[in-house]
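Below, each structure is written out as structure tokens.
In what follows, subunit A forms one complex with subunit B and a second complex with subunit C.
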Partner chain A sequence: MAKQAPGVRIDGLTVVYKTPAGELPAVRDVTLTLEPGTITGIVGESGSGKSTMALSLLNAVQPPGRIAAGSVEIDGLGDVVGLRGEELRKARGKHIGYVFQAAQNSLNPLKTVGKQLLDLGRSHGVDDLRGLVREAKELLGRMGLDGARVLDSHQHELSGGMRQRVGIMLALVLNAHLVVLDEPTTALDMITQANILKIVREVHAERGLTTLVITHDIGVVAEVADRLAVMYGGRLVEQGPTRHVLGAPRHPYTRGLIRAIPRLVGDIAEAQALPGRPPTLATVPKEGCVFRERCPLRMDVCDTVDPEAHADGARAVACHAVTVKEHA
Partner chain B sequence: MVVIARRLAGHLARGVVMILVVATISFFIVRSIPGDPIAAHTQKLIEQGMAPEAAEQATRVLYGFQATGSLWEQYGDYVAGLLTFDLGQSVTHAGAPVTEVLGEAAKWTVLPVLAGTLLSFLVGIILGVYAAVKRSGKLGDVLAVSGSLLHGVPQYVLGLLLSAIFATLIPILPGDGPVDILYEPGFNAGYIGSLAEHAVLPVATYTLAAYGGWVLAMKSSVVTVLGDDFILAAELRGMKRSIVFRYIARNAILPLFTILALSLGLLLGGAVFIERIFNYPGLGLLLIESITMRDYALMGGAFLLITVSIIVANILADLFYSVIDPRVRSGEEVSA
Partner chain C sequence: MITGTGIVKTFKQRGKVLGARDVQALRGVDFAIPRGGAASFIGESGCGKTTLGRIIAGLETYDEGEILIDGVAMSSLRHKQRQPHFRKIQLIHQDPYSALNPTRTIHQTLYAPLSLRAKQTGRPGSWIEERAAEVLTLVGLDPGTVLSRYPHQLSGGMRQRVVIARALTVDPEMLVADEAVSMIDVSLRLGILALLKDLRERLGVSVLFITHDVATARYIGDDGELYVIYRGQVVERGAVDTVIADPVHPYTQALLSAIPVLHGLEQPGEEPVVPLESLDESQADEGCLFARRCPFRGERCTSERPLLQLTEGVPQEHACFYPERRSVIARPMSEV
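Up next is the complex of A and B:
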């Protein structure tokens, strides 16, 4: 299998969770392409289905959830939705690296990082374990850590920023070329956040990766992503090149998100929190636009018809109001 | 290592103090029992025609401390005796040293209870993991429910039941005493075989009564660990199932070791019913006997032994924990 940045085509992906009220979609009919070698950012408030979508890339949606429809084609792997058992296990870690939220404890608290690295190597049939350790030390050194010391440490001996770098190391050490980072800087202090993002950018470029960064913090994607996709209530409401989406947001939700960022320069009062709260699985409207309850541009049609994504060059927006205006 | 050594030193110091406190309390309790058993004993010996000096000497030997002199002098004598493991002599055992009587009885307590505890722990752990993994299946339910049911049945009910069935109705197992007197005590096949045969029912009773608790504890521990982020993380890194299983098992079993060590500490005092039903001359029976017969030296010794075993078990549990849990080893909070 050629080891180079793979392309990813998510098509019509729907993921549902079983709830007392039946199976409800957390991700609904999402279509998104990750171009080889790019960094794509996904933003949206908490609960909009970002993590669920990220897990779908590894076909790892946890029960009571399941992928109900759609496909996730990854170059070199095929449709991961159809992968099972050992095939799926081997794809994880080796082809797709997954980095957890920084504050999450993604390491076995009873084992040193080094021992877990060896467990990882053995799981994937790595013969040259010395080589693996060397590679790990190099990656850690590359991220500004003392590799030997870190491999000798337990999780509780590492700071949040160090753990996050260990997570990135473990995602890359088997030479995965598709990397998914779910909230990589949440719960880190500002300086560590900036460091981690710098590392993500640099490692991405050096290794020639295809990277997906998931965050609720639009500032984070602004910093690293080539392309941006905005999620709300399980739907992809807008996507396009980062500069365009941030410079000229079209979807009222995207505009609301951007207005809500407190800028360092300028009047803090200018930042306006988005009114209302994001929907939960139970409160997402079954028909019509998912955002209409909080939307300043709400029209009658929004109550009944779910807006389709309209493509316009490299950008796409799913909003009746925007479409009407353009066609007027 | 330094941390462990420091912990050990702290524990030992605290342990010694606690043992001293318990010994002190039991000394003063015996001394304050109405009618002063010590004076009464001396008096009795004198009435029986013994010279006062000899009577006092005999009483002193019996109780491990002097009947004359101030209370503090007597206390000093008692503590001095303790330091040389002299707990006095047992009136009800023809004046045999208390330590010897206790040692003899302890062996009949430790054998069935230790085997029963370890066996129930093992069985409970294995079934608990299974019940947790298959918690949505029928067998998982059956395990969990039967576990809690048996956990609620008192030990003596199970003991009487087993004894009635396997020793009386279908007499395939001995249910009377710890060993056949036919055999020469020692390391020979006949004796050991007889020991094992006699231990089957008491150990089975103990195991049946106790494994349910372990099943429930292990099940909930595994379910907790299954929900931990690092398990999902390991799966998403493509770790082999066997390795993920080891991660789960090791993390889930950790908190149970503390409970195990503590229940081993209670082991010396905790099997009165089993000893009675299966006629094991163990510590539980001895303690009851010493109370009914007012054998104060023996009583104090038995309490002291039970206390010491609990303290020692606590120390061992903590040290063991700090060996297997790196968070404790480096002196951090486990909950971090």
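Up next is the complex of A and C:
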């Protein structure tokens, strides 16, 4: 079964959560295209809506949240927002692999990895379970692990980096070609992180995947992603090719984030903290720009009008000040 | 001045089933942190850096060696006599969410240590309120709005500031910050680091920073010392910028090579070092502890253990038989 890396078109996606204060948007009007065969990185702080957005790719936003508007078109699947029940269950795993945040804790502590693999196979109606095990061993071997040993192990017998690799194996073993990794290296050491990122890159290329990496760490995206999208307060504020965005960030938030990274060489005083703090679901402003409270370029219009994303070639940025400057 | 010599700590495993063994967390570590100075312990998880931090803060015992706080040897003192000395060293935990009692307001949290301090120093009750407001201002919080709040009403960054304020209530000489920013939002991290740096400069508090992130260690004190710890042994020690720019121990080089490169802004190092295998604590203890993972190991390395020492032509101390400078870290594009 030869599958190809699918393209994904997220259009006008809005996800709301029901709270005592009414329905509040965690993700608001996000439009993003994942080109087939690319790695896209989404960077955001906690509460930026990045994980909620990733879950929407599986149509797996749990109540009290719901997808209120927009569509997520995946090649070969159609609009997953419309999928229900059995159709949806089959799509998850077979078409879309998901490596969860804290994969360290997403394995069943009572079952060996091998048993969980067989459960996965049965629930997706795989007839050739031996083939599945063979495939799993191959994948684990590819990632530098002893496949047979890992499949015989319980979660507690594996290190953090090994569990993360098991998570990646489980996401890929059903031959999914769209893979979402949510914080793949959080809580891992530097050296282990470098290993995992290398594996992500290599497996992505070898198997012909479309990959989405969600992280709070710009360094992780810089290492693996072709394209970078920055989220803040539920909005996608800037996107473009990773090197371009890092080399010449345009949105004031992206600039602030990059300036706040301490470096290994050069003047340490160049690193500057961003003033203020990120908004939570309850404090995201109802109208106007989500970033204006912390923004050095704030103008009057920012208080009332939410800036739309302006595309410029491969890049897009949602900021009044940047747009005004460029069209002046 | 806080110094330690030959600190050894072994965690004994009880009931040796399933191959459980004693874990040598620290194998004879020396350190010295001058008053108002900065030092950083870096290494992978399990290397012993947190254990060492807890020992220095008086929260963990050690099996061998000696700790001197302002010249007083701790092993010569009884538990009760040690307490006023260890009071000078305060630990900032990694997790500001669990470090504060959720049922107490910030006022109550600060009141307890302050009233004790007032009693010790014979100050009046009114001093407590003044000092509470003062320490909160020191950490960049507004006492008027924060004092009556509960921890859950504050963001992670604010909570960490409260934790630091609480540490300041007892007039410490040193703060031990164990991964103090790893659970804080990225855009707020630098603010906390800047605060620690600021406290160093304004109050003369020394800071011991424990982390796996070398760049943050540099930010706290580029005039301080960096200790690279591997499996309970200091393998390289020297001035922060020297160790970062010209590391000689292959483990330090591997650690620095693993730092993500900001492509578009930075050029990767020319000779990145990738360790041969992943960390395996069960591997043999003979010879150099890093030998099995070292791409440059020689014959001596598997039979003899190199000790931390100064050798000719290398400004920093290191524990390697074949020290060699390698350019491993990424450089800014503008410099290349």
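The working rule: the second predicted complex is superposed on the first by the 320 of 328 C-alpha atoms of A that agree within 3 Å, B and C clash if a C-alpha of one lies under 4 Å from a C-alpha of the other, contacts with A are read in each partner's own complex, and residues count from 1 in each chain.
By definition in this document, a residue touches a chain if its C-beta (ideal position, glycine included) is under 8 Å from a C-beta of that chain, and two chains touch if they have at least 3 such contacts.
Since the model is a prediction, treat every value here as computed from it, not as a measurement.
Subunit B and subunit C, once both complexes are superposed via subunit A, fit side by side.
By the touch criterion defined above, A:His310 lies against neither subunit B nor subunit C after alignment on the C-alpha atoms of chain A.
Of the two partner chains, subunit C is the only one touched by A:Ser46; subunit B is not. By the touch criterion defined above, A:Gly93 lies against subunit B but remains apart from subunit C after alignment on the C-alpha atoms of chain A. By the touch criterion stated above, A:Asn108 is placed in contact with subunit B alone, subunit C being left untouched.
In the superposition on chain A, A:Arg9 makes contact with neither subunit B nor subunit C.
When the two structures are aligned on the shared chain, A:Asp217 is found in touch with subunit C, with no touch to subunit B. When the two structures are aligned on the shared chain, A:Arg207 is found in touch with neither subunit B nor subunit C.
Rounded to the nearest 10, the angle made at the CA centre of subunit A by the CA centres of subunit B and subunit C in the overlaid structures is 70 degrees. Here subunit B and subunit C are compared by how many residues of subunit A each touches, and C touches more. Annotation: superposed on chain A, subunit B and subunit C show a minimal Cα-Cα gap of 5 Å. Residue ranges on subunit A touching subunit C, taken from their complex, read 45-46, 144, 159, 161, 189-195, 197, 216-220, 222-223, 242-247, 256-258, 260-266, 268, 271-274, 277-278.
Of all residues in subunit B, those touching subunit A in their complex are 228-230, 232-241, 243, 247, 250-251, 254, 324-327, 330, 332, 336. Residue ranges of subunit C in contact with subunit A, taken from their complex: 44-45, 155-158, 185-191, 193-194, 212-216, 218-219, 222, 244-245, 254-265, 274-275, 278-279, 329-333, 335. Those residues of subunit A that touch subunit B in the complex are listed here as 55, 58, 60, 62, 89-94, 98, 100, 104-112, 119-120, 122-124, 154, 156-157, 170-171.
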